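When the chains are written out, they are named A, B, C and D in that same order, and each has its own residue count from 1.
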Amino acid sequence: MMTLPITRRLAVGTILATALAGPAFAQDGKPVRIGFITTLSTPAGYIGEDIRDGFQLAMKDGKLGDAPVKLEIEDDSLKPANAKQAADRMAQSGVKLFTGVNFSNVLAAVVPGVLESGGFYVSLNPGPSVFAGEKCNKNYFVASYQNDAFHEAAGLSANRLGYKKVMLLAPNYQAGRDALEGFKRTFKGEIAGEIYTKLDQTDFSVELARVRSAQPDAIYQFHPGGAGINFAKQYANSGLTKTVPMLIPSFSMDARMIGATGEAADGIYASAMWTTELDNPASKAFVEAFRKAYSRTPTMYAQQAYDTANLIGSALKAVGGDIGKEAEFRAALRKAQFTAVRGKFSFGPNQHPIQDYYLTKFAKNGSGEIVQTIVEKVAQDYGDAYAARCKMD
Amino acid sequence: MILLIEQLLNGLQYGAMLFMLASGLTLIFGIMGVINLTHGCFYMVGAYCAAFVVLQTGSFLLGALAALAGAGLYAVAVELAVVQWLYRRDHLYQVLATLGLILFTNEAVSLIFGRRPPLMDIPPFLQGSVPVLPGLEYPVIRLAFIGMGALVALGLWLLVNHSRVGMLVRAGADDREMVSALGIDIRRLYTLVFGLGGVLCGLAGVMAAPLLAIEIGMGERVLITTFVVIVIGGVGSVRGALVGALLVGMVDSLGRAYIPQLLQLSLPPSVADTLGAGLVSASIYVLMALVLLVRPLGLLPARS
Amino acid sequence: MTETTPAATPILSIVQLRKSFGALVATDDVSLDVMPGELHALIGPNGAGKSTLITQICGEIRPSAGRILFEGRDVTRLPAPARARLGLGRTFQITQLCNDFTAIENVLLSIEARHGGSFDMVFNPRRNRASMALAESWLEQVGLAGRGERPVSSLAHGERRQLEIAVALAREPRLLLLDEPMAGMGPEESAALTRLLLGLKGRYGILLVEHDMDAVFALADRISVLVYGRVVFTGGVDAVRDHPEVRAAYLGDAQPC
Amino acid sequence: MPLTLRQAAIALGLALFLAVPLLAEAGASPALLGLANRILIYAIAAVSLDLIIGYGAMVSFGHAMFFGLGGYVVGIVAYHTFGGEPLLGRSGSNAALLVWPLALAACALLAVLVGGLALRTSGVQFIMITLAFAQMVFFVLVSLQSYGGDDGLMLERRNMLPFIDISKPTTFYYLCLALLVIWTVLCSFIVNSRFGLILQALRQSERRAVNLGIRPFPFRLAAFVISAVGTGLAGVLWANYARFVTPDMAAWSKSGEFMAIVVLGGLGTLLGPIAGTAVFIALEQLLSIWTEHWMIVMGPILTLIALFGQRGIAGRVFGGRRD
């Protein structure tokens, strides 16, 4: 939190400087404006907080890649309409670079307008399939993952763990269906059943009874946010954990959800791209810095935002803070020359990541805290199924 | 067969939880004629108070007391500050005023307790499962839920039918002027009933907290279902709320358990899944629409 | 006053009407006629079931048994609006008016109601000179001339009772059910209303429920006495005045109010 | 001839709305146009809802279902026009004169169905049954997999009208303004007509009306359908404005928002809800820019409006009813 006042003072200072210097020198000191639309209110607001804080952690004295930047942060209340409104307003006022959006449906609303206005969008969380295939765009980058990747990695994980019969559970909406499709794409065993839960469901006793009676080797479930906490708590309470292991994608149990789930999280397997336990210097430094700055453990969302900020920083550096040099900026982004906390990172032909995925397990560490430990790497230099359909001009 | 019994128990448990929420709401509506959308917030406030106190003291019992007190007091505060001015107003204004209160409560709770959902573990004496039938183990906490629901039903029955307060409550529902003429302060009676509704929400909140994520917006998620319950049961009637809660609990649970499978027997899997999931989501609304079409005032209305 | 011959068809004929709410029998085998042009008064103590009877006649509640004939036609199963369209008009014990409307708009509504279920969404009836003139003339008839533009909420109680009658008359009914039109009026107003009703007498069949015995004796051709849901006596004014049982059952304990 | 307060307010409001594109162009703020456009679209829905709440006392807590349906018909047709496989052997059309009436007809049909069933009840049961139907529509939209389900549906481009090009923001804005004016004038004819007289009579004293021979159901149903069509029109315009539709459009909170706007503006005034929309949306916008905790301010504002604003902000000017 200490960085905020400094940032503001600097920003004010630079604005004053440019005002005095006049328009002719505007390019030099003028900060690059970054439209940062994210979800800060609503129950999902904690994700937005982590995204914002992770991003700001990467900024040094209000600068990214030595270029002064000005984050224009706006809450979308998880309403696509609000987000679009905010994005269009910013685009009209001259913002050329956008990021921050946290949910696929919000992203779907924001991106087309941004691209039409000639701006760049760098996604720090969702990577929906819509923009990964035919509708890929040269100004649209995803620095996190393609949405299906975690589920495909989970399918690979299930293969590694030797499960033959897996039961699938997900909420009855698009992301839920995509999740199960992704899992089935890579899983080689038999599907014992697919259960679609209600969108606003909080109690899963009925579904747990069905799992018990079907007796699969394991279950794969995708319930983000509160529903994920509910599911894990009730799963543990039902005693099923002892007989039927649970496999999830990482965002069904992030660092903050562990806090709210408690012991019930112990023993859950998850597919992941990064966890706090990942063994590389950049990651360790990031976790420590984040804890120091905000006195809490970063979630994967914070890590993704941090990496995204550094990616943007690397590109800003390459163009000397002049985002007007569009082609150069784009090329620099594409090169992705920065040290990613998650390890190896590069862009595929559709400007979505090619990276490694892991099988992880929630288990107690030496001091008795539950952390997400790395079990093994299940996918190396893994891209996505949509890249082939992308024809970038 | 075992599975069916287990699913019936699940339905019963869900019904018990809905009844705790619906009984207070239906009393408030029946006696004072107020549509109170804030009711779900009381439940959320109860859960947050419980989690907070349990985190500080480690005692589930204290947490439970905090939930009842917190939710009850908040309900009284809401009644005194806002709802008491709405008794003789059109439903429209009640909906709007309490909608505003929902926004306020949610944001206030997130400012006070933060956005991070707090943890509340299942207390040791409610952990684990016990055999109910040979081959059927059922979680203790869910059984406790059912038991608590039955206790609340019994308590309310005694209160409404066999106590002075209950007599006033029934008289108040029938004839406001009469009660006032008897020299009873109807204002205090209303506040009391409102507080009671809040306490029942707090009870549901503390019972649900170990099983659920305690988060902003958890109130609205149950609110609409609770309204469905009281409308099906007949607004204003505690008996109706009980019948409605059990009916909705059963239809929802059994629907989730069996509708997809039944559809799979006759349709291709992909169609069955989509259709099944959609049908399951809308099942209680379909139930409500059907009930209202046959009996526009619900199954057991307080006054016909 | 129109001469009524026994051979004429009654405009309203109630045959062994019965209504029970659970154990309570509110209407107990009531039979009663109103002849064309006759003013038939219905009296009885509070709770005798007079209002329940009126609501059954106009179709707001269904009787448990028995029949209601309007001009010889069985209307027992017809809903209220259909009965109104046949020519059955009424006023209410507790004034039922559109309080946000002006007085003349209330009468206009009644005039418009004669045109059935038309969904005219274009023409403003307030701009229709013929309708407005007609409405004005009904207001004049009940003594509300010049009060047309006043909102109902600003009218005095007595004026509202007069307006009720204007609204009922403007529908051009053949039978009028007047449910305690004098309720809540002072003696002056009651006397004025009695004069107004005298003027209407003979033009409509009227069933008058009233507690004001002066008015009833001044107006009625026949009187029926209802006690505990039963008609205990029907007869002319003098017969009722002198009937010992009626005196004991009704006139004795209930003071005209 | 001196203007009445009401006429002055109308003239001022209209002049302001007409001037917005000029102001936006003059550099006040380019975002102003979008904001004003949003107000115009919501205002159409608010005027429609006022028709049944304010004049007919039918408190529909599910009107967002028509907003959502109107939008989705546009979205679904667009999906089949651009890229998607043909629907029932037809490849879709981008002609507004074809798609829009289709969307409005769909809304009317749904309204006949919902209204036909819901109007068997009244009071709190009516509020709840309309909510129940809206929830059903919401869940149907969420489970429409091929149309994006929960994520919603993007529109490639706006519908085409002959002679005018509504892909230009200013043109689209003036189209919305024209439609709002036309719709409000139509509604004011309706409420002043014989139909409106009876509708309002049914609100004030159903017993009186029934005993004058009026059957309430057809009048109420007709009003409900008209209101649904208006709300559907707002949905159609929204889909064209935002160029994407989500199930959110039919969520219960949206219905609540519409209700709040109508009450805020003043029940039974038609013009009040337009003012209500402007204040509500502008307030939401300002507060959410000011703080992410904007709901802690917005909530009490709504509550205070309900407690004290018996005639809404414009009720006095436009002569609305008290509650």
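By our rule, a residue touches a chain if its C-beta (ideal position, glycine included) is under 8 Å from a C-beta of that chain, and two chains touch if they have at least 3 such contacts.
These numbers come from a predicted model, not from an experiment.
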item	value
Partner chains that chain C and chain D have in common	none
Most widely separated chain from chain B, with each centre as the mean of CA atoms	C
For chain B paired with chain D, centre-to-centre distance based on mean C-alpha positions, whole Å	32
Whole-Å gap separating chain B and chain C, where each centre is the average of the chain's CA atoms	48
Centroid spacing, where centroids are CA-atom means, of chain A and chain B in whole angstrom	36
CA centroid of chain A to CA centroid of chain C, Å	75
For chain B, residues that touch 2 or more chains besides their own	107, 110, 277-278, 281
Sites on chain A at which at least two other chains make contact	41, 45, 172, 199
Contact pairs between chains, per stated definition	A-B, A-D, B-D, C-D
Residue ranges of chain A touching chain D (in the complex, touch as defined)	40-41, 45, 74-75, 77, 79-82, 84-85, 88-89, 92-93, 104-105, 108-109, 112, 128, 130, 172-175, 177, 199
Touching residues on chain B, where the partner in the complex is chain A	2-3, 6-7, 10, 13-14, 17, 107, 110, 115-119, 121-122, 127-129, 137, 139, 141-142, 208, 210-218, 221-222, 253, 256-257, 260, 273, 276-278, 280-281
Touch list for chain D against partner chain C, complex	189-190, 192-198, 200-201, 204-205, 207-215, 218-219, 222, 321
For the chain D and chain B complex, residues of the former touching the latter	53, 59, 61, 117, 120-125, 127-129, 131-133, 135-136, 139-140, 142-143, 145, 252, 256, 259-260, 263, 267, 293, 295-296, 298-307, 323
Chain A residues touching chain B - in the complex, by the definition given at the top	41-43, 45-46, 49, 172, 194-200, 202-203, 205-207, 209-210, 212-213, 225-230, 233-234, 237-239, 256-257, 259-263
